[in-house]
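Each of the two complexes below includes subunit A, the first together with subunit B, the second together with subunit C.
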Partner chain A sequence: MNRVRNLILTIIAVILFALFLNKAPELLNGYWQRILNLIAINAILALSLNLIYGITGMFSLGHAGFMAIGAYVSALLVLTPAQKNSMWILEDIYPWLLNVNTPFIISIIIAGLAAAFFGLIVALPVLRLGGDYLGIATLGFSEIIRILITNTARLTNGSLGLKGIPAHTTLFMSWGCLGVVLICTVCMLRSNLGGVFRAVRDDEVAAKMMGINTFKIKVLAFTLGCFGGGLGGALMGNLITTIDPRMFMITQTYNILMIIVVGGLGSVTGSIIGSALVTTMLEWLRFVENPITIGSINIPGIPGMRMVIFSLLLIVVIIFRREGIMGMREFSWNIFFPKPKPKTKSKTEISDTILEVENMKLRFGGLNAIDNLNFKISHGQIMGLIGPNGAGKTSAFNVISGFYKPTEGKIKFLGKSIGGLSPDEVCREGMSRTFQNIRLFGHETVLQNVMIGSRVRQKYQWWETLMPFIFTDVIREDEEAKTRAMDLLSQLGLDEFADEKASSLPYGAQRRLEIARALATKPKFLLLDEPAAGMNPQESDELMKFIRRLRDEFDLTILLIEHDMKVVMNVCDYIHVLDQGVHIAQGTPDEIKSNPRVIEAYLGAGAAVEGSVA
Partner chain B sequence: MEFNIFIQHFINALSLGSLYGLIAVGYTMVYGILRLINFAHGDIFMLGAYFVYFATIFYKLPWAFGVIISIIATTICGLLVDRIAYKPLREAPRISALISAIGVSFFIENFAVVVFTGIPRPVVQPPILMNPIEFSGGVRLIPLGILVPVVSFLLVGCLLWLLYKTKPGLAMRAISFDIETTRMMGVSVNKIIALAFGLGSALAAVAGIMWALRYPRVEPFMGMTPGIKAFIAAVFGGIGSVPGAMIGGLILGFVEIMSVAFFPTLSGYKDAFAFCLLILILLFRPTGILGEKLEDKI
Partner chain C sequence: MKKFLVALMLVLMLCVVASADDDVIKVGVFNCLTGQNAFGGQLELEGTQLAHTLNPEILGKKVELVIVDNKSDKVEAANAVTRLIENDKVNAIIGTYGSSLAMAGGEVAEKAGVPVIGTSCTNPLVTQDKKFYFRVCFIDPFQGAGAATYAFKHLGFKKAATLVDMANDYSVGLGKFFRDSYKKMGGEIVASLFYQSGDTDFTAQLTALIDAKPDIVFLPAYFAEGAIVLKQAKELGAKFRFIGADAMDNPEIVTLGGDAVEGFLHTTFAYDPSMPEMNETAKKFTEEWNKIHPDKAPNVNCALGYDCYIMLKDAIERAGSAEPAKIRDALETVKDLPTVTGMTTINATHDAEKDMGIVEIKDGKKQFIGIVQPEV
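Our next item is the complex of A and B:
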């Protein structure tokens, strides 16, 4: 119902806007038409940078370079041979390039693809870096692209630039392109894939454990963003009709960054609003640089003042309203209507030895974190892994779940060797885990957190999400994922929180949410890292029942690390004890309780003697 | 290549490299402590050059006096930047401070355009520094070429002494290790951070003055490229390490000068070398030459 209503409202809004654009040449003068065009182009650029930075969390400062590629490719394709002949003065143009000529539409698509291709080449090495290094490296690439353009005169006419590019960018063209980009972006971000992008931003480690190949996701987002950069650059070139390498300095990237910061990092709506505001303001501010005459008083223009005001605003925004206008929120017609509440309904899956660890060793330099660990877990068992601090329990978890490579030894999961697989591959095999220090995707809702977990089991491809109305399996699979997620939430008693932000949940609920999210990946084997940490006695009692219920209802095998001995002794069928990386004991809870070596490890040698006496 | 020409290139590279190093030290100190790329650092460097220009050429003060005034004024600017644009964001996500830094950089550049105008201004070089000295073997060197590396190394030496032999230096190293714990040990963290900004800015001022003498002119955007390159030098040497910044700067200086000296056809690509170098080091040794490994805890 709401969907139909919202669709109708959207269509009406689009038609009204199209009518306005149709009349715009009569209503507005050239100056305002240009601003309107720039708003659309800047919005495309902002959306694409926002996809890279605001949504997927990669700090990239390379957009100007990708714009340059787009602008040049498109210009070279639409300029006529005669124009090219007259423009290349210092050096001759390559003969093959002279006669290449395509229609405008095709040229901007090729421009986008060329930028995306360069983006892909840049992404493969550079995206292995994180944070600030990525920013500097992309800035570096952007400058390299500019220097290449300046120096390959036979291809680009060097520092002279290109002139007389036909002004193909009409209002319908720029806003039409923005429309297509917007629809594709919104569809993609609304699908479960959008959640995956945001999950990579919020917590890459947890995303890996949800079966997401985070590197691939980052490359995808970066490449798509570069496509947008190239497209925007191409439209810009065909609007301004003159391009040269100096247009694509780092300042250009900063402008786009300003737009997304003002609008709100991670918000599509924010990018559009930010573009409208910043573009209009930048144009309007030109007045401070032009001389003004009021009556007989002449105020000379002040060069540079425009950017002074602009940069001051950027600083003020970041200090006083860091989240920008929209924060991470989006526009929706629903804000005009009261909100109904959804309600939903369930189902689950079965080898005998689930996990087999043989002679596993893990060394960090000279330190033996784990020395020769051996154990087996059978189907349906709840096994405990205990030991004093620094015993190597979490390290063992990290090896089993793929975050560390074992220095030696074999890990067999469901009969298959998984030693050396990455966490996302391990997850796909049917293993999932929680973390000692809860790792949720804090900015997402509870429901989205769980849905991100189910992405690993969905079959649709990323490009299908751009046009879900054609590839309807996107919608169907996302609906299924949602139903399942709601089921999981209600089974874990979290359904009332479904639409709340994960970070706003009370502690115990966050722990359960982490488990729900792990269950969404349809695991056969679950690793729980200190599930009772920080719980009071009553909560840990509930936790014990809950862990047994988990095994029975979801047909799981569970391995848990826990310091709360009451939980361990009550819930585990079998226990292994580690001390300083060495496997010192194993047995049923009763055997472990009276094992002198275990008591020694926990309480020291003296206590062991007393323990054996008692 | 003839020997005397080579020596000239060598000295040239040494002085360019030590200038990069001197700027890089400021980046590396701030990054080591706050994990913040102080994008405005290159512009602080530019201010240093302008202040000495105005002191000596505009107000006709003696050089020595002008240098001191410039260092003091630049240091104050650096402290102001920290106080106004970074301090309110200490608790914010790191990315906010980074964007603020970009804003500040933008602001200083354009403010300089407004106040000083965008026209490059020639700097008068004192003849003492410029009259070439003849050495045996036909080697001709100008005193400035020798002065620059000597001053740079002396200053970095002083900085190292301060970092490793004094209490504030110890505090600074402690902060870069763990800011919260240092705070709990009773160290006034904000003062030490201000000290880092102040020292970095003072060194940038000296670099700016020597840069202005070397390329005898000043303009509002002169800090942009050297700033980014110096940051690259800091990453190359291992960010957070002061000796690393100097080594990174020298390597960058030598690569730029020598590659153009030996392959003149590449001169158009000169500015790209730094970035290629950066990408290579990030791929093969992301922590730089002297950097330590930082890892995420799972």
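Our next item is the complex of A and C:
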């Protein structure tokens, strides 16, 4: 119902805006039309950089380079042979390039694709870096592009630049492009894939464990962002009608960065508002550079004053609204209407499970983190893995779940060797885990967290999310994922929090949410890393019941690391004990309680004589 | 805080009260007042302002200068010209330093049909296929050939080299035109080296130049890099001479360069305060300039800014109207107009045909050597 209402409202708004654009040549003078054009182009650029930086969390400073590629590709395609002939006055243009000529629309699409192609080439090696390194590498790349353009005069006319590009960027063209980009971006970000992008930003490790190939996702987001950069650059070139390499210096990237910071990192709405605000403010503030007369006081115009005031306003925004105007929120028609209550239904699946670990060793340099671990878990078991601090329990978890590669040994999961697979591949095989220190996607809602977990079981491709109205399986699968997620949440008693931010939940609920998210990947085998940590005795009693219920209701096999001996002894069917990487004991809880080696490991040699652990 | 911001906005908005007056001729000036080219842009603006102060009325109408900054940025340049035409409804426009900025602005003016007079945008592409763009400066091929003529014919140097800023259209163009002319005259180009705007270490290029043993090196640099090149060449003990172009025409060259610039030559427009024989316009300009700026000598940028206004005034008077289309037609027929930088004639491609001067730094002073006719 809401969806239909919102769709109608959106269509009405788009029609009204289109009518306005149609009338714009009469209502506005050329100056304001130009600014309107710039707003649309800046919005495209901001959206694309926001996809890379704000939404997927990759700090990129290379946007100017991708703009340059787009602007040049498009310009070279739309210029006529006669124009090209007269412009290459220093060196001759390549003959094959001279006669290339395409319509404008095709040229901007090729421009976007070219930028995306270069984006992909850069992304493959560079996205292995993170954080500041990525920023520096992309910054370097955009400088390389600029210098290449300057030095390949036969191709680009070097520093002389290109001029006389037909002014194809009309209001309908720029806003039309923005419209398409906006619809595709919003559709993609609203689909579960959007959640996956944000998940990679919030916690890459946890995202991996949700079966997400985070590298692929980052390459995808980066490449799509570069497409936007190329498209924006092409439109910019066709608006200004002349381009040269110096247009695409680092300051160009800073301008876009400024827009998304002001608008809100990670908010599509913010990018649009930010570009409208920054573009108009910069032009509107021009009057402060003109001589001003207030009463009898005459203030002479000071060049550069505009930037001073603009910077001051920016500082004010940053001080009073650090997250930008929109933060991470988005515009939705729903803000005008009261919130409806969600409904849920349920259904689960069942299957078989066995894990076998054989002679597993893990060494870090000279340190034997795990020395020869052997165990088997059969279907439906709850197995405990205990040991004092530094025994290698979490290391064993990390090896099984794919974060570390075992130095030696075999790990067989459901009869298939998984040693050396990456976490996301392991997850796809049907294994999931929680973390000792909770790793939720803090900025997402509880429901989104769980839905991200189900992405690994969805079948649609990323490009389908750009046009969900054509590829309806996106909507259907997301709907199913949502139903399942709500179902999981209600089973774990979290349904009341569904629309709250994950980071705002109480501690115990966050633990349960992490489990719910793990269950959304439809695992057959679940690794729980200290689920009782930080719980009071009453909470841990509930946890014990909960773990048993998990096994029964979801037909799971569970491997548990836990320090709380009460939980371990009551829940586990079988226990393995590690001490300093050595597998020192195994048995039923009763056997372990009275095993002298275990007592020695926990309490020291002298304590063994005094009796049992628990 | 919100209230404060709203109040601030209101106050700011109240300040913008535009006045519309039919008896005023509005002349827009768009130039680089901030950004990397601000140095040249600022001097040109001061030249234009001086001309305006001396000639506040044309055809009995008051002239109003509307000054906008283009921040040495293409997008801003196009915006600035659009603003001048659409919001301020100017009759004509003067500007700018920097050919790429002129091209961005020129496209807008061309569509709107408002004439523009370029100050020092010397790239041939600026006026190419443009009906409304003119300039008071000569163009790069002319200046490159002039420098080559002076080096080959007047100084008798047979071996030359070029050191060019690869990222600067002005420099790349001049370097190429110099090499072409020099070779046509029979000279030998022994080395052709490059750097990038913003570089500060030229040791590698200078060492290569020293090895190539040219008699003279053509250095079509902007002042920022050019001054450093001269300094480092002196430190490395280079024996060849340097000849630069009009962008090296800077009143502060001696103070900044010290004895490293001794003997440095540069081509420029036919004006320098050290000129022995000035025409009347130049004399008046120099006198009036010195009155307003007693501690700053004028240079060619100031002169070109001044000349733009003089040429515009002449066109409006001959047209008998400040209508943009009529000004344009009158500008096309400018012939032997006395300007600060010599006699100006506008040719078929809207470029100024005028004399080219040579300046040499001698005994710690800029000295105008004379006028050169490019031969090839």
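In this section, the second predicted complex is superposed on the first by the 570 of 614 C-alpha atoms of A that agree within 3 Å, B and C clash if a C-alpha of one lies under 4 Å from a C-alpha of the other, contacts with A are read in each partner's own complex, and residues count from 1 in each chain.
Following the convention adopted for this analysis, contacts are C-beta pairs under 8 Å (C-beta built on N, C-alpha and C of every residue); 3 or more make two chains touch, one makes a residue touch a chain.
Note that the structure is predicted; figures quoted are calculated from it, not measured.
Of the two partner chains placed around the shared chain by superposition, subunit B and subunit C are both touched by A:Pro303. By the document's definition of touching, of the two partners only subunit B reaches A:Phe435; subunit C does not. Legend: residue contacts after superposition of the two complexes on their common chain; A:Asn29 is shown touching subunit C, with no touch to subunit B.
In the superposition on chain A, A:Ile318 makes contact with subunit B only, not with subunit C. By the touch criterion defined above, A:Phe141 lies against subunit B but remains apart from subunit C after alignment on the C-alpha atoms of chain A. Of the two partner chains, neither subunit B nor subunit C is touched by A:Phe497. Once the two complexes are laid over each other on the shared chain, residue contacts for A:Met87 go to subunit C alone; subunit B is not touched. Once the two complexes are overlaid on the shared chain, A:Phe197 sits clear of subunit B and of subunit C alike. When the shared chain is aligned, subunit B and subunit C each come close enough to touch A:Thr150. Across the two superposed structures, the residue set of subunit A contacted by subunit B and also by subunit C is 147, 150-151, 303-304, 306-307.
Across the complex, subunit A is touched by residues 1, 5, 12, 15-16, 33-34, 38, 42, 66-69, 71, 73-75, 78-79, 82-83, 85-87, 100, 103-104, 107-108, 111-112, 123-125, 128-129, 165-169, 171-173, 176, 196-197 of subunit C. Of all residues in subunit B, only 35, 37, 85, 88-89, 92-96, 98-100, 102-104, 106-107, 109-114, 117-118, 220, 224, 228, 231-232, 235, 268-269, 271-272, 274-276, 278-279, 282-283, 286, 296, 298 touch subunit A in the complex they form. Only residues 59, 125-126, 128-129, 131-133, 135-137, 139-141, 143-144, 147-148, 150-151, 205, 250-251, 254, 257, 261, 302-308, 310-312, 314-315, 318-319, 322, 394, 398, 403, 435 of subunit A touch subunit B when the two sit together in their complex. Taken together, the subunit A residues at the contact with subunit C in this complex read 29-32, 34-35, 38, 86-87, 89-90, 147, 150-151, 153, 158-161, 163-164, 167, 236, 239-247, 283, 286-290, 292, 294, 301, 303-304, 306-307, 316, 320.
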